[in-house]
Amino acid sequence: MLELIEVWLHRPNFIAFVILFLWGFYIMVTHHNLVKKLIGMYIVQTSVIFFLVAISAKTGATVPILLSGTGPVQAATYTNPLPHVLTLTAIVVQIATLGVSLALVAAIYRKYGTLDEDEILKRLE
Amino acid sequence: MTFSFEIPLLILLILTAGGAILVKDLVPAVFILGSYSFFLALVWAWLGAPDVAFVEAVVGAGLATVFFLLTLFETAPKDTRLHRPPPPLAALIGLPLLGFLLLYAASDLPNFGDPASPASVHISPVYLENSMHDTLTPNVVTSVLMDYRAFDTLIETVVIFTAGIACVLLLRRNQA
Amino acid sequence: MIQAHDSVIVLMLGRLLIPLVQLFGLYVLFFGQYGPGGGFVGGVIFGASMILSILIFGPSASYSKVAKKVVHGDGLGLLIFAGVGGLCLIGGGEFLNYAALEIPGLEVASRRYVGIMLTQIGVAVDVAVTVISIVFSLSSNDEDSHA
Amino acid sequence: MSHHLPALLFLLPFLTAISLPMVGLKHREWCRPMAIAAVSAMSVASIVNVVVIMDSGEIRYAFSGWAPPIGIEWVDDGLASVIMVTLSLLALISLINAGPTSSSALGQRIVPYYTLILLLIAAVTGIVFAGDLFNVFVFLEVAALSGYALVGVAGGKALVSAFRYLILGTLGASLYLLGVGYFYAATGTLNMADLAQRVPELMTSKAIVGGLIFMFLGLGIKMALMPLHGWLPDAYTHAPDAISPFLASLVTKVALIAWIRIMFWVVGAGAEIEHVPVLFLLVELGALAAVVGAFLALTQHEVKRMFAYGGISHIGLILIGVGIGNPTGFAGGVFYLINDAVMQAALFFLAGAAMYQYGVRTIEDLGRLRGQAPWMTGALIIMAMSMVGFPPTGGFFGKWYIILGALEAQNYLAVAAVIISTVLTLAYFIKLFERIFRDTQPSSGIIPVEAPLSMKVSIGVVSAAIILLGLFSDPIVGFLLDTALPSGL
């Protein structure tokens, strides 16, 4: 067990990811305010993206923009570009989801005049 | 590997996330969320992902904040409830389980920054080595995004198009 | 509802900043192959400049009319992107295989370069238009609400 | 030329969808014909696709011309082609069914409405064919985003259901992406065929196990597997009547197909976690979903909600079928998936027509059908026979093959679960028909509205399809056994 904790302490960004993911998850599921739920959702999505970006890191490597135009490329000197591509797509998906969810929130507010989930459920009945 | 630069950033990250979650007034919460995005972009730049950091700074700190604010202007800017009910039992059981699963699964991941990890040696070197020869594009992220995996990018663009159409469908009742 | 801002400083700064922001958007778009950036960020920045003009000068100013017209072009960017892909199909390759683009006088790598450039423009157009469209949607308040 | 077929199947609805906003600006009335034309062409192409697959084996389509582990690959094999025919034909019928009633209610918003439906159909195509884990994620998001908006378009309660659907759906997508991240970190690739060579030997790695669990949780939310089904009943009940069939027959099924792909084509049927076979766990979960879903359906009062729980129970049955782990069970499960897609579409068509014509919302209202709607009652009887599993309907043969497979594998728990869920399904349909045939309360004074022809035609077509699936079950299951089985089963 102690070994495991030591292993985790060597990846502080993983611990940050876990904290953000769980906290956001909790807010997203249990908070009663719709906008707060979306803030939780935003944090969950960014934390997953954070996890993906952390995969790409290589010790002592630089950004994946090639320095010299010609000549062979040493792959170990550049960070892994594929997770960056995945995260770019995931960020776009995130902002698209945010747009749709905010549109739903605005439509719900127009109909029920509140952002409190329990209030809305009361008015539904 | 030293963490002297990273640790303070990560602490700031969690603090700003906590601020966005805990602040009752929603407009400040959204601004704090914007600063959270900004710190996230810094961390990513530090991790060697300038493209992702750039997008996060523009989209997360900029666009998302604008979307949130526009919605809040049209709706209620405050979380008026004072007392919060106790957390449901399912969350109390489920979250620790999920956290345990996350940590359990991570214990077999390759070390952080390991240049010999499968992700670093299997496919990605092909992109790095051939990008210049295949596409004349020095920014490998762009060449993977727009050529090697261009189809994903097409669908990504479709996602944002879908979101635009969905907002029109949900919110604009009078004009097409 | 969005209205024109009445502060002179804001108006002046807007006039000064918006062209700069647009220039920066174009720079980011076209230098995406050499540095960080590319179609998506370029599109967002360009869209943001138009949103800024709507927020500052109001939706009825001549400057913002462009943005209002642009919204009807939803799908144009995707048509550019998919059109490039379709040209590749016509050229005999797979969908989005830029090597099959029929451009005389260019070898394969240059064709791919051109393909990347064109599709980036497609992405930028689509993203800019959609961002403006979402902002219009979120800030529209229709009269038939409040049941 | 025929190797472009998968791309063509995607491009037909997709190109129509992106040109609709511009066409619709001037000619709003063109939206519906264009959408129907695109999906008809797509259905024809999907039938051609099956013929080509039968003739010349599977098609692997590499987008951008890059060979698979580098680029993105689509796999068009027996399984994908059969599913594609089912889904595209169902999409066509649902589109015809969705016509006149939605046009009047939506007014000018008809343009985005049809655009989103076409995007949903295009996304479904993508998920069925995708041979790349991340590609599946992106398509799932397109399908989900259009699904949220289409549920919410009804306004009122539907908005709240759509919001809950969005929260849970996004949670599912995040968990799936997390799983993909773990897989990528442990193997370095996203392509399914490439993963299939690396994952089996890594099954002892905790990262792969965790990634698999996260992907299953994510897709489980999307497919509304029993404990994770929270979003589905509300969303289906409150969605517009024209949209419920799309969601019920397309959205949950494609998540299930994505899971089948990952389970059988990437991880492999023989995979074990800590000496527990993964398939065994699947059967357990499926059995739970099948029984509890059917039981919950029995307790419902709203017609659409009852059918929604019926669908949840069927997801469990399909999981039992594919999880048994022998060819008969797998083919039976996939065949049942096809049947379930048809049945769900049929039931929601009927619920929509009953609502339109007699204002039926709850089970009590069904009494209004008595002696008034012979064609509707007849269609409902056919659907009920298939849902419960009487010959000669497709539902019977699906369950028959699942039970055969379970007996072959001597998995008596699975047999018991199928039988219990069948009995419960029979019980809730008896509850329905009791209202229609034996209800003594006088029918209320509601004057029925004549249903448009398109509704009647679509109900007739799917009812016929249910019987045809039963009559032709042998060749279909034979085809599945020949071409659609994963290796190692």
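Just so it is clear, A, B, C and D label the chains in written order, and each chain counts residues from 1 on its own.
Throughout what follows, a residue touches a chain if its C-beta (ideal position, glycine included) is under 8 Å from a C-beta of that chain, and two chains touch if they have at least 3 such contacts.
What you see is a predicted model, and the numbers here were worked out from it, not measured in a lab.
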Given chain C and chain D, the chains that contact each of them: A, B
A-D against A-B, pair bridged by the larger set of C-beta contacts: A-B
Longest centre-to-centre distance from chain A, chain (CA-based): D
Distance from chain D to chain A - Cα centre to Cα centre, in angstrom: 29
Separation of chain A from chain B, taking each centre as the mean of its C-alpha atoms, in whole Å: 4
Centre-of-Cα separation between chain C and chain A, whole angstrom: 25
Intercentroid distance (Cα basis), chain C paired with chain B, Å: 22
Multi-partner residues of chain B (at least 2 other chains): 50-51, 55, 59, 63, 67, 70-71, 74, 102, 106-107, 119-120, 123-124, 127, 138-139, 141, 145, 147, 149-153, 156-168, 170-174
Set of chain C residues in contact with two or more other chains: 34-36, 40, 74-75, 78, 82, 95-96, 98, 134, 137-138, 141-142, 147
Multi-partner residues of chain A (at least 2 other chains): 21, 25, 29, 55, 63, 65, 82-83, 88-89, 92-93, 96-97, 99-100, 102-107, 111
Overall pattern in which the protein chains touch one another (line/ring/star/complete/other): complete
Residue ranges of chain A touching chain B (in the complex, touch as defined): 4, 7-8, 10-14, 16, 18-27, 29-30, 32-33, 35-36, 38-40, 42-43, 46, 49-50, 53-67, 69-70, 72-73, 75-76, 78-85, 87-89, 91-93, 95-100, 102-107, 109, 114-116
Chain C residues within the chain A interface of the complex: 34-36, 40, 134, 137-138, 141-142, 145-147
Complex contact set, residues of chain A against chain D: 21, 25, 28-29, 34, 37, 41, 44-45, 48, 51-52, 55, 82-83, 86, 89-90, 93, 96-97, 100-101, 103-105, 107-108, 111, 120-121, 124
Chain C partner contacts - residues on chain B that touch it in the complex: 50-51, 53-55, 58-59, 62-63, 66-67, 70-71, 73-74, 133-139, 141-143, 145-147, 150-151, 153-154, 157-158, 160-161, 163-165, 167-168, 170-174
In the complex, chain D residues that touch chain C: 4, 7, 11, 14-15, 17-22, 25, 61-65, 156
